[in-house]
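Sharing a structure with you now.
By written order: A, B and C. Residues from 1 in each chain.
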Amino acid sequence: MESKKPMTIWEKLENMDVRYIYLLMWVAISLPILRPIGIPLGRYSIETLGLYNFIDKLPPGSIVVFIDDQSPAAAAECHPAEIAIFQHCVNKGLKVLFYASRAEAVPFIESTLQKVLGASKDHPDYGKKYVNLGFIPQYEVGLAALAANMFYTVKDAYGNDIKTLPFFQNLPTGTAKDWAIVIYYGASSVDWVVRQITDVYGTKTGGGVAAVLSSRIYPYFPDKVVGFTNGLKGAAEYEILVKRPGDAAAGMDAQSLGHLVIVIFIILGNLGYFISKRRRM
Amino acid sequence: MSLSIRPTYVGSAVIFMVSIVIMFLSIYLTKKGTVKPKIRKLPGMDALDEAIGRATEMGRPVHYTVGLGGVGDSQVIAGLSICQYVAKKCAEYGVRFLFTFADPSVEPVARDLIKSSYTMAGKPDEYKPENVIWLSNRQFAYATGAMGLILREKVAANLLLGYFAAESLILAEAGFRAGAIQIAGTTNSYQIPFFIATCDYTLISEELITAGAYVAGTPEQVGTIFGQDIMRLIGLILTIIGLLFWAAGNRWFYDVLNI
Amino acid sequence: MSIVIRRYIPWILAVILTFFMALDTLVLEKNINAYAEAIRKAQAIIGTHAVIISITLFTRIHGRRVIKDPKRIESWILLICLWIPLIWGLGRYAFYGVKPTVEPSIQQVFSAIVSPGDSTIYSILVFFIASAAYRAFRARSMEAAILLIAGSICMLGNAPVGELIWSGFVPLKDWINNVWVRAEARVIIISGLLATLALYVRILLGYERGWMGRGE
């Protein structure tokens, strides 16, 4: 009976049990959250700076529209960005119109208002500077309808007639032409926003998106999409820029170590592959 | 009745009408035999028979899913076209065919399609409604359900052809753990890399959409593929012309296309 | 049901509606736009009603399972989790006028169970990405080597630790994103759109019938 030759270290590296990878990833992600390391964020990316500079240059009173399309899963990356960007808008005295393009994103609007202003519908500036329209269905069709007529929803999320709200008084056209920028938060696609807003009305688009969506946004950047926060790192950069470090900044150590562990395993796997291959030959 | 083209849509209207004319012309020329376009091989589609054969030998089921999209999504329509072919083959070979989906609007179409595939294979009694499974319309509930199904049933072939978002890697890794041969396809550009990394064969973007026509192979269907290639060529020529104009500092061509 | 109703009527409806909706997209005319808006609303309502079909079939399949074998806990849990919130939400709306999207108890269930559940499953991706990258990023060929190098550069460029290791990762990552990823995304989007156009022409001409359900 032929005895099985024990695996060499290189063969073990080539065919490592994935449970070791899972274990090391778990340690690499959870340890920095429990005990932060404080790796410096480094330089700001051009995507984040593009959005920051655009918003920074807007005159007070400009209308910024937030489209919440984030699921609870994507919220880990998008929600910190939304909070930071809303904080920036509040600091600059901009008017912000919120709406959710999916029903499950509605609580995130409420959470953003609470975390930045401390209150939502009860805040003194609600209705004057900030309005929450709640859930508008049908994604592109809903946005097209809102862009064509800002009074499309009739009521806001809390049942107030929007015609009575100071936010909607004295609008030049009552369409998306009055908007300074539309910012999309989510992980599905920014194409429909660009198609309905930027292409039709010329209003620029921005993004607080999950990193996985960034490859889809690059064709539009920087002409139609002036800037976007690219995943958790972009959200962390924006938090630091507005001097409001939050969940994103706290997660950067975990992201760093996680990426490092993946790259180390890739290198080890390739080392094992090449050396084993040479030995077999 | 006052009729006018929407502002900034003139260019789109022209391109739309030109595209339709080219498509019809391509179909006409291919049907007439004037043009005999050759379609390159799609390894993913050619591997379908291999996947079903593997499932037959191993006595394990085939899992097919069209992902998250509804029946109006082009990727799901393409996925359903291929599903028809796969279901018929599975019926012929006596392989258990498991079909999962997330959007409820797919259900009546899928049930009818799979049932008629079994009937065409001459085995209407072998169609089991409980093998067409609606898991959930929530993305990750669907992913968890499909992952569990793939691992429990130890599927021999995992076919992921439709609209996928973040759950693509979850399903593909589950298929890998089950030891299945995997063929995947989607037009979501940011999920394609995950499929390429984990699946044996990947249909990238248009390959998925044209797969139905590729499998059918009739002159009319091949004609539409030829038409889309002509449109692509026109797009390329316009891009090069635009590039030359732009490099010369002239916006005229850009403004014309942007009307 | 006759073949005229099953095959030809859906197809004719699809052709008429396609051209009408295309007209609405391109043209500004009060009546056409109003009818198109009504059709879109109808589409949303019909799509939502497909859920009713699925709930019925779901209940039938799992109902039969629990009748056959009352010990099937998972089917019991499924049926309870499906029907109790449904009846509760509809009841609250019918008798108290509280919409399910703002009904506090349903929002609580969503925030406490569904939302964390979604986030948990999404976070499984971190392990799967690690194992998939370890397995797939092997320099077996020139293309695989390029994929491996580009992937590693992007991963390290996107994490603050990459800049600490070498400051060149970030500009390289930016170059990859701005040149290669941008070009790739455009190609995939354009080719996908052209293929979709071809697919819809096949549907309009009746060559593609999978969407109707019936096979050849």
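A few remarks follow.
Just so we're on the same page, contacts are C-beta pairs under 8 Å (C-beta built on N, C-alpha and C of every residue); 3 or more make two chains touch, one makes a residue touch a chain.
No experiment lies behind these values; they were computed from the predicted model shown.
Under the touch definition stated at the top, subunit A and subunit B share these contacting partners: C. Comparing per-chain C-alpha centres with the mean over every protein C-alpha atom, the closest match is chain C. When chain centres are defined as mean Cα coordinates, A lies farthest from subunit B. Of all chain pairs in this entry, the one linked by the most C-beta contacts is B-C. One finds 29 Å separating the Cα centroids of subunit A and subunit B.
Subunit B and subunit C, compared by their mean Cα positions, are separated by 14 Å.
Computed from the mean C-alpha positions, the centre of subunit A lies at a distance of 19 Å from the centre of subunit C.
Residues of subunit A found to touch two or more other chains are 71, 73-74, 214-216. Taken residue by residue, subunit C touches two or more other chains at 114, 118, 121-122, 129, 131, 133, 135, 137, 184-185, 189, whereas all remaining positions touch fewer. Multi-chain contact residues of subunit B (touching two or more other chains): 6, 139-140, 166, 189. Remark: subunit A residues 71, 73-74, 187-188, 199-200, 212-216 touch subunit B in the complex. On subunit C, the positions that touch subunit B within their shared complex are 22, 25-31, 47, 50-51, 53-55, 57-58, 61, 114, 117-118, 121-122, 124-125, 128-129, 131-133, 135-137, 184-185, 188-192, 194-203, 205, 207-208, 210-216. Those residues of subunit C whose C-beta lies close enough to touch subunit A in the complex are 37, 40, 44, 101, 107, 110-111, 114-116, 118-119, 121-122, 126-127, 129-131, 133-135, 137-140, 148, 151-152, 155-156, 158-164, 170, 174, 177-178, 181-182, 184-186, 189. Contact residues on subunit B toward subunit A in their complex (touch as defined above): 6-8, 139-140, 165-166, 189-190. For subunit B in complex with subunit C, the touching residues are 1-6, 9, 12-13, 16, 19-20, 23-24, 27, 70-72, 74, 77-78, 80-81, 83-84, 88, 103-105, 107-113, 116-117, 119-120, 129-130, 134, 137-141, 143-144, 166, 169-170, 172-173, 176, 187, 189, 192, 194, 196-198, 204-206, 208-210, 212-213, 216, 218, 220-221, 224-225, 227-228, 231-232, 235.
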